[in-house]
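Next come two complexes built around chain A: one with chain B, the other with chain C.
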Partner chain A sequence: MRASRIGRRAVALAAGVVFVLLTSRASAYPWMIRHGYTGCTPCHTDPSGGAGALTEYGRAQSDLLLRMRYGSTSEEADRTAGLLWGIAPLPEQLRLGGDFREAYFSNKVEGVPVQQQFLTMRADVYGDIKVGRFRAAGSLGYVPQGDLTASLTSAPNDNLVSREHWLGVELDDEGAFLVRAGRLTVPFGLRMIEHNLWARTLTRTDLDATQQYGASLYFSREQIRGEVMGIVGNFQVRPDEFRERGYSIYVEYAPMTNMAVGVSSLFTRATRDIIYSVTDYRYANGPFVRYSPVGQLVLFAEADWVYQSLTWNGHRSGYAAFVQGDYEPTQGLHLMVTAEAMNRGASGEPSSLDGWLSAVWFFLPHMDLRLDGIYSSVGVPATSASPSTHTNATSWLAQFHVFL
Partner chain B sequence: MDRRLLLFTTQALVMGVTLAWPATGSASASFPSVVESALNLTTITVDPPLGCKLCHTSDSGGLGTLSRFGTLMKQYGAMPGANQSVVQALMLVEQSDKALIDDIKAGRDPNADESAAPSLPSPQYGCSTVGRSTGAGPAWIAAALTALLALGRVVRKAKTREDSQGDGETGS
Partner chain C sequence: MQRHKRLWALAVSTSLLAISAAAYAALAGPTDARVMFQCSGPAGLKIEGTTTEIAVAEDSGSVSITVPLANLSTGIALRDRHMKEKYLEVQTYPTAMLIIARSGLKLPPSGERLEADVPGMVKIHGKAKTVTVHYDAKSEGGLYAAHGQFHINMNDFGISVPSYLGVTVKPEVDVSASFRVTGS
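And then the complex of A and B:
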């Protein structure tokens, strides 16, 4: 069948693009809410979490709460929690780090030969310095393929990237209010390590290459926190007409130490959309939640409505949503189930569905192994010659991750 | 051997292997079936069997990899994920540059044909002093930063006032 053949090729392309885009991942573990951490500032130098260096406290928690302890009951963090396993002590004001993640990827689309390859997902170093109330942070990395919108160099492959670089000032002694400007991760939704979730790709708010230049205010007050950002475009893309301008905001309320609910909103306009090449008014809005009903289980959910007005090319009203359950039977071992749904809003496009089964083992200080099995049923829009259809694919991803 | 030293040596070895692990590119295919159907071809004639290089400079596809013919197709409305837009773009190319469609039908790469000269601007990536914007960006950042600082000041004042009131109530 020609329709199914087109569908298989479309899914193969989508998988290829996803995993080329999947050249990097940052550390963002929102399941830390199960330990009573509703916010990110205690452990991350980025107050909204996800990207950048860990604080000294965060490094200690990575040793005490993140990795497998093999029976140790010590309440003191091991010396190896420090930079480079403790061999490079730093002053408290200087926070440095690095992330290296390698993977083996296998993808089988029905009717198409299996695709297998190694991926360098992340090879970044980053730092954050705090002098009084003033802050400066940045990252530098190498990407063999993809992440062009974060590139400093301009080759088709093998580029240097800087995902974030900003200057900021804390407005109070506790760091509960931070104003910063530069290239920032767009404040929207849940900052999950699974940056290729459809909720992240459709809203263009992942941790890898969709950062934007602009200025933001982070605020945290008792049970409420959030960040609002004025977006002035990605200055690592030229010419100017491809840059999106607008705003993004999330606000999260934590009524209990084991639960947080929030909403996000985003609007941008680009004279030429980087994908569609026409003037694009892009809207995204939606709620999200984190909840730990019992000690070892954390549930996440996010649903975003995305609307695009593409000049001379009509409107697209779509959505992306996911639910994830993270169960930690013993410290350092996480078993996860994720379900997703998505529709990009193209004419006649049926909704896409997928499911993930994942396991992560934080087996040594600074190191973890991860295995993902993903089954996708991707909706393929109708053509003049064939009706809409679904194409199925099964993917496996084995990862090794080390942070400095 | 000291246990800590053994642990560190193991970690260093694992990290070394990781950093030395080679990365290879990906290969995938997309619209070629639509091209086959629209042009009545029995199989893709350019860059078989995947056919991606008809419109991309590599089989990986993705942002920043459009070929000259791909850019021309985009100029005529071809859009990601929309097969019908590819059919329409091929029809428009056939009307304006029939030689390019004849190239495809004859198994020649239209990207090598000098008549494939797209005028649509395509995005470029990386830092450069060439082709910078009009300078509106930094002005926007300065304006937004000023506004946020002012907002932060208001918030901070309110917080201070609230804290001092709270202290007063506690004291009484």
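And then the complex of A and C:
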């Protein structure tokens, strides 16, 4: 059962890596569609959402719609919605913020001792300045472990990271068209706070450290919005042969204020893939949907087909998909159920499945607590010594999050 | 500083109604009513407000459709408050009204459906303006299912364009309504 031990260790390692990498933004909440917000503007300085600072309007909405109100919901936004709880007023053109997330993580893989640890998941500050139609944005953070592909420094641990930095020009007065260049979050699929969903990791399109350098055009017209990006590589990775080049795009259509459907497509080529160390042609395509049948409930789903052509190592045709339901029984308290499936497409690899039960409580201005319980059954490919199998793991994650 | 004006939505809409169809004759109590307005903000922002309150009456050759605005809702409490207090001024102007000449309304034969345009007078926020109402109506044995829509500009009604923390709503508003009435 050597192969089995190897499989378990692989799963333990993968799970550990997933949670060491687990970070999140204050603001990637696509369930805001329950309030009729199908797009990410006007709350986010990044028109595709998830990354970067909030606008003044977005800060007000975080107070009015996000946190528990403990009373009247028709009062004006509290002044504590501002930067640093309102003690540091800023000019309209300058939007600053920060994210700090600490967690306690427990992971039990069958046949392996329990792994428990405290994690600093995010310690970033970021800003966006707008002068006329010109925009500049960037982030700077500290990461004790991981996120090496976003690092500005090159130590094994304790690095400075910059996840985004870009310059842009709005092409119209209302910001419906934005051209920008720099390090950007790859425009693909749903921008979820759960960046370690398999749909995000398999397509390498999370909010954490998979940003790429390139140029993009964001567009929004009536019921359609989207972003297309030409990718020229991650220049925080060396040498150049590891850099992926290609394109990524998503387009979303909102026929109603409580529903949006979209599709994404991505293609990249790297002379040496950062995981497989061979030339890799990587394709990902798939649909996604958000729907709020009633105000308290929002449903999301995404399914992506991922194909990789690995030179001298054959082809991999896999997929990742998830469904999530977000129920908000009272403002500020979210109960979520998530189901995922994934297959990386390795020879003889069985599909992996998992389920999440989560609760998030936005208990005070700028603060929330989150608890996740995750059960995973991860497919382990067959080897010459053993058939394919599944290894099961149960994880718990408790988080405290504050944003400035 | 806070230019607190809320995006809300203009409610206006309200007015609603449109529905000409309604027109129907000695119209008796609308049921299954839904009145909705839609307006938009920058970069694809959409705001939708609804109410189920509506009254239809016929008098002196005209059909009037009246929508009380007090319970018009966009789904966000503060936005509703701004809409009613700052923009629609519901305390002063509690209703929106659409008046259509009864003679201009066409009714479908039993079991059939028709679609047509009819001129109407919209009254909102103390001001009146002529609009063209596009409506369709279906006869369902003694009952008429009607749906109508029209377009207004809040500037025409002296309604301030809503703006909140840098987000300004466009003044154009689409209004629609649907309901069932019985007619003689």
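The rule we apply is simple: the second predicted complex is superposed on the first by the 394 of 404 C-alpha atoms of A that agree within 3 Å, B and C clash if a C-alpha of one lies under 4 Å from a C-alpha of the other, contacts with A are read in each partner's own complex, and residues count from 1 in each chain.
One rule holds for everything that comes next: a residue touches a chain if its C-beta (ideal position, glycine included) is under 8 Å from a C-beta of that chain, and two chains touch if they have at least 3 such contacts.
Here the structure is a predicted model, which is why all the values come from computation and not from measurement.
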State whether chain B and chain C clash or fit side by side on chain A once the two structures are superposed. fit
Applying the touch criterion given at the start, work out whether A:Thr257 contacts chain B, chain C, both or neither, answering first, second, both or neither. second
Kindly classify A:Gly233 by the partners it touches after superposition: chain B alone (first), chain C alone (second), both, or neither? first
For A:Ala60, is the partner it touches chain B (first), chain C (second), both, or none of the two (neither)? second
Partner touching more residues of chain A, chain B vs chain C, is chain B
Min C-alpha distance, chain B to chain C, superposed, in Å, is 11
Output the chain A positions appearing in both contact lists, the one against chain B and the one against chain C. 221
Counting only contacts in the complex, chain C reaches chain A at residues 4, 40-48, 74-78, 80-81, 164-167
Show which residues of chain A lie in contact with chain B when the two form their complex. 2, 5-6, 9-10, 12-13, 15-17, 19-21, 80, 85, 87, 100, 102, 115, 117-120, 123, 144-146, 148-149, 151-157, 159, 169, 171-172, 177, 179, 181, 213-217, 219, 221, 228, 230, 232-233, 235-243, 245, 272, 274-277, 313, 344, 346-347, 349, 364-367, 381, 383-385, 400, 402
Can you list the residues on chain B that touch chain A in the complex? 4, 7-8, 10-11, 14-15, 18-19, 21-34, 37, 52, 57-58, 60-65, 74-75, 77, 79-84, 87, 120-121, 123-128, 131-134, 136-137, 140-141, 144-145, 147-149, 151-153, 155-156, 159
Seen from chain A, its contact residues with chain C in the complex are 35-39, 41-42, 47, 55-57, 60, 64-65, 72-77, 92, 174-176, 220-225, 254, 257, 295
